[in-house]
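Consider the two complexes below, in which chain A is the common component and chain B and chain C are the respective partners.
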Partner chain A sequence: MSALGGPKQTGGVQSPTAIGIVISIVLIIVALGLAYYLVQMAGVIALVGIIIGGVLVAFGVHFVPVGGAPAAMGQSPGIATGVAMLAAGAGLAGLFGGAWAAPFGLAVALAGGAVGGGLLMAITCTMVNVIYIFGMGIPAASGKVDKDPITGDTFPEYKSQGTEGHGLPFISWIGGVVGGALGGLGGTLIYLELLDIYQAQLPVLLNATVEQIAPVAISLAGIFAVAMFLINAVLAAYNITGTIEGPHDPKFKRFPRAIIAAAVASAVAGIFAIALLELVGVF
Partner chain B sequence: MSVKVEVGAGGIPHNQVLIYGLVGSLVLIYLTYLNTYFQTQYFAFFGGLAAVAALIWGTDTIKHLCSYGLGTGVPSAGMIALGSGVIAALFGATTGVLAPIVTVIIAAIIGAVAGLMANAVVRMDIPVMVISLIELAIVGAMTVLGLAAMACGTFEFLGMITGTVSILGFTIQTYETSVIGGSIIAVIFMLGAIAIQHSFNACLGPGEQQDRTLTLAAECGFLSMITVAIISFAFIGMYAALVALVVSIIGWFYTYRKYIALSKRDAYAWLDAQPIMEPKGGA
Partner chain C sequence: MEEIVFGIGITALAGALATVAGAAEDTESDIGSQGDPNSQVQLAPQMGYIHRIFNKAVAGEPPAYGLWVALGAGLAWAFMAMQINPILAIVLGSALAVFVQGVYATTAYLGRTASLAKFGQPVYIDILKSMTTVTMAHAFVAIFTTVAMCHLMISALGHPFPLPLLGLVWGIALGAAGSATGNPFYGKERQYQEQKFGAGVPISASGNIVRYAEAGQRNSLDNGFFSAKLGGPASGICFGLIVFFELWRTVVFEELNIWGPIIVGVVVILIFAIIDRYIEVWARKNFGPYTTPEEASS
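So, the complex of A and B:
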């Protein structure tokens, strides 16, 4: 870290400040009130869906084994890239899955999103291990725990000196798939809630049929879902300061902070997305 | 990714870049309104120039923010910028002629909330976090609004969702062949995100010089402009799009030449390598 300061690398979890909590609660209540004022009960339901979606995205990021630059050199466990890239990959794959399944109803679409995100992470994690083990010749070993919580494999005898571990242990693989599924689920939920709003409002506004405005509604809901996905993913990335091994990492315990932050950010971004069409034609 | 980020000293003060970027992008984006005023489309390229001005400012902001060692890599800052920005830009676009100003205000609100969450709840405790995320959200919003205005010739929402298609000599209005209906907005989103996150990521390290980094930012902006100019052939007149394409190529060529010259200036040594020639008659 630079001499200018920066995030403190303390062992314990710093809890949110009191002002932060108060602002969070106020902002969420204001957003819900605005949603009710603008689009009545449908707006409140949509905003609650968006908040839940955003929280799922931020929570999902904590499961994904993000290794960053050191992982590319085999010096720390995880996938060798940043949260923004992994989250964008899993989120977009999930969103495509969910958007494709949108006409089959909420449950199927959400399942489609979760399977899409989970599948992308499963393929990524598997191929990462194939490259680590067969390409770079390094075994999978966690640096944070001595024993894999699921398989019971021990790590210290495989861990190279001077590294924080390397490769992708089984628990990290599971974490990646769970994280991808949660992210895909959250992204799809945001998309579906916004799509409902736009499909109800656009035909009235433009005096057109639902089929005619479908491209605009789908495109708007999609781009807003991607945008909120990235905001929440980056806030979660700030929470884990870049790298995490998976659900067994001590940093995982920080997730309540990210959930509060994601809920507020989703509420504020969501209220603008919901109110998007309120001002068309006013000016 | 706890890689130490080094930033060069000197150069233009950040506040000066901020003022130039904000005022410049606002003025340039308002110049596209000449299209509506004169009932023409030749002024569309000013939107792209507004995006370039915003990107230069944003790169300088990213440089300040990332010098604190976020731990998440430089691209995450670009992702949260465009994520907040696209929501603000599309919401702002619905307010007609006030669009650019409303966009700046909405982006500042979303950025401030994200910054407060990052500092007070996630506890990044970085002094410049809130102001940097406000700036980045405005930069992202101006980039999206500028490039969208360049693609379709207007920054107004109804212009972005309606397009025309001619079949057998008849011209009919449709929502499908438009910047939002055709999901061109998603392409613009990624073009802006790549342009904002690349320059500092490429130039950081010992010996980083502000003029070189900002020249690369302008070059990335013009490169995105070229793509948008090609896209704009589908939405605006042939000659108007051609003007935009020529402006972007000239801008790109100039900044590219300048960037190579600055890279040579800052390099320890420079070898103009020739391609390896095959000996005549084969080896």
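So, the complex of A and C:
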């Protein structure tokens, strides 16, 4: 406890509380139980896939270097936009690629989703540096570390006066690509799991063939995948609070809390997505 | 083979449409001052700097464009279901989506600016009249090209997503690419044009944005004119490259091997890593440090 009686100062890294973990585990078990009750083993497998996908998204968001408003003035390093938004852009581009490759099987689709998300971030991060360097004449400098852990470049002397750094150092570039890839992977996994569930349930419910219900199943799975993606990206953004430079940023260490939250959020939201058709069938 | 050639043609067309979309999107958001630099437009009156800059940042660019493009795509999809010619359907859908953007821009400007009344910032009706239509025109270009690109992906390349969902996905990606690339140029280079070139804006200068132009007070049309020179085209190239490589690796290499697009994607990422590292080192070498290492470490 500090002198003011507030919680102990831990440099922004707060480990999850015991009660939080217990409630999370209970919620996840309840969701898994419901999934088993509604769709038997297929439901449990799908929900586990959705939880893993959600956790991957939330973990991936922590890698993405986001500078927010200060980055737009060259006052802090990172990409000048919001955490959830940028991650969503990358993850959804990954989902686009993953959904396209879905007929070739799980492994190809997941890899396609990951590469799609990584590709968007690779191009975006490179263009950010192009603008900073050729448009504004500002070299990249991190504000959180003195040396790039990958290239060994030193930063303090390249940081302009009165700022916390600017641009995207190479470690942040790598973080962006890894984050985009994890986001694309997670988003695609959620999509594929939901697609499996809907493709199994819809023909029975609507008394139609798999080909006939394909557009409905793909649309539903796609919309839910986008929604679950945004839920997890926003949760991770709340955990980050504002800006992050990438995996070398001290804020990165906060990720365990986001992973627990994402697992619970994905389980609860996922059970609604899985139970949707059961509920439609009831009414 | 013919199918691949056709696919490459569609890929090139989609990439070109995306390039135009990215450029229009960034210019639109800079005229409307919607990106992160808008924090300074909102802050300036609070620091005593009254200005005539548009102010419609009540949503980030990605969700806003997600909404407008999904709306345009959804309406176009509905019109196509009514057997209306696809091009006409896309134009009609985009035009209707632009009206929503216009309403959004008007209410956002009035709301955001009115909230600054206690700092003496007036709501300029002439700004509303002259600039809303300009942002709407740019938004139309961005929405139309993105919806047209999504339509090509479905009808010519066979993507499984329905048009409205694809509109949402690529609308959000468009906003993400445009805001990431274009924002620093508008924020640092334009709003803080008086600050030193080649250095970040000191935090102490926050809110002191440039408010006077060559003649009279600066407005957001001047900002659009400026960012259309580099920020807009760079955003266009960014989004165009994303769409082009995303489609190209699938269209060309999927026929050879189902893992082909993934391997090519990884190779493209590595190439961009080399380009990025090269320009980073180039900048360090050519611009040099701001201070000597000894001073910095002291």
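Keep this in mind: the second predicted complex is superposed on the first by the 271 of 283 C-alpha atoms of A that agree within 3 Å, B and C clash if a C-alpha of one lies under 4 Å from a C-alpha of the other, contacts with A are read in each partner's own complex, and residues count from 1 in each chain.
By our rule, a residue touches a chain if its C-beta (ideal position, glycine included) is under 8 Å from a C-beta of that chain, and two chains touch if they have at least 3 such contacts.
These numbers were taken from a predicted model, which means no experiment stands behind them.
A.B. asks: Please tell me, clash or fit, for chain B and chain C sharing chain A in the overlay.
C.D. replies: clash
A.B. asks: In the superposed arrangement, does A:Ile231 touch chain B (first), chain C (second), both or neither?
C.D. replies: first
A.B. asks: Taking the superposition on A as described, I'd like to know which of chain B and chain C A:Gly68 touches: first, second, both or neither.
C.D. replies: In the superposition, A:Gly68 contacts both chain B and chain C.
A.B. asks: Taking the superposition as given, does A:Ile79 touch the first partner, chain B, the second, chain C, both, or neither?
C.D. replies: second
A.B. asks: With both complexes overlaid on chain A, does A:Val39 touch chain B (first), chain C (second), both or neither?
C.D. replies: A:Val39 contacts neither chain B nor chain C.
A.B. asks: In the superposed arrangement, does A:Ile244 touch chain B (first), chain C (second), both or neither?
C.D. replies: Neither: A:Ile244 stays clear of chain B and chain C.
A.B. asks: One more residue to check, A:Ala275. First (chain B), second (chain C), both or neither?
C.D. replies: first
A.B. asks: Scan A:Ser219 for contacts with chain B and chain C and give back first, second, both or neither.
C.D. replies: The answer is both, since A:Ser219 touches chain B and chain C.
A.B. asks: Given the touch rule stated above, what does A:Asp153 touch, chain B (first), chain C (second), both, or neither?
C.D. replies: Touch partner of A:Asp153: chain C, not chain B.
A.B. asks: Contact-wise, after the overlay, does A:Gly118 reach chain B, chain C, both or neither (first, second, both, neither)?
C.D. replies: In the superposition, A:Gly118 contacts chain C only.
A.B. asks: When you line up both complexes on chain A, which piece of chain C, out of 21-29, 111-119, 129-137 or 147-155, runs into chain B?
C.D. replies: Stretch flagged for C-alpha clashes with chain B: 111-119.
A.B. asks: Pick out the shared contact residues on chain A: the ones touching chain B in one complex and chain C in the other.
C.D. replies: Dual-contact residues (chain A): 68-70, 82, 85, 88, 215, 219, 222-223, 226.
A.B. asks: Going by the contact rule at the top, pick out the chain A residues touching chain C in the complex.
C.D. replies: For this pair, the touching residues of chain A are 68-75, 79-82, 85-86, 88-90, 92-93, 95-97, 99-102, 104, 108, 111-112, 115-116, 118-120, 122-140, 151, 153-154, 156-170, 173-174, 177, 214-215, 218-219, 222-223, 226.
A.B. asks: In their shared complex, at which residues does chain A touch chain B?
C.D. replies: The touching residues are 1-2, 4-8, 14-17, 19-21, 23-24, 27, 68-70, 82-85, 88, 206, 208, 212-213, 215-216, 219-220, 222-224, 226-231, 233-235, 237-239, 241-243, 257-258, 260-261, 264-265, 268-269, 272-273, 275-283.
A.B. asks: Across the complex, what residues on chain B touch chain A?
C.D. replies: 1-7, 67-73, 75-80, 82-84, 86-88, 90-91, 94-98, 106, 109-110, 113-114, 116-127, 157-158, 161, 174-176, 178, 180-183, 185-186, 189
A.B. asks: For chain C, which residues count as touching chain A in their complex?
C.D. replies: Within the complex, chain C contacts chain A at residues 35-37, 39-40, 60-63, 159-162, 165-166, 168-170, 172-173, 175-177, 179-189, 191-192, 197-206, 230-231, 234-235, 237-238, 241-242, 245-246, 250, 258-259, 261-262, 265-266, 268-269, 272-273, 275-277, 279-280, 282-284, 287, 289-293, 295-297.
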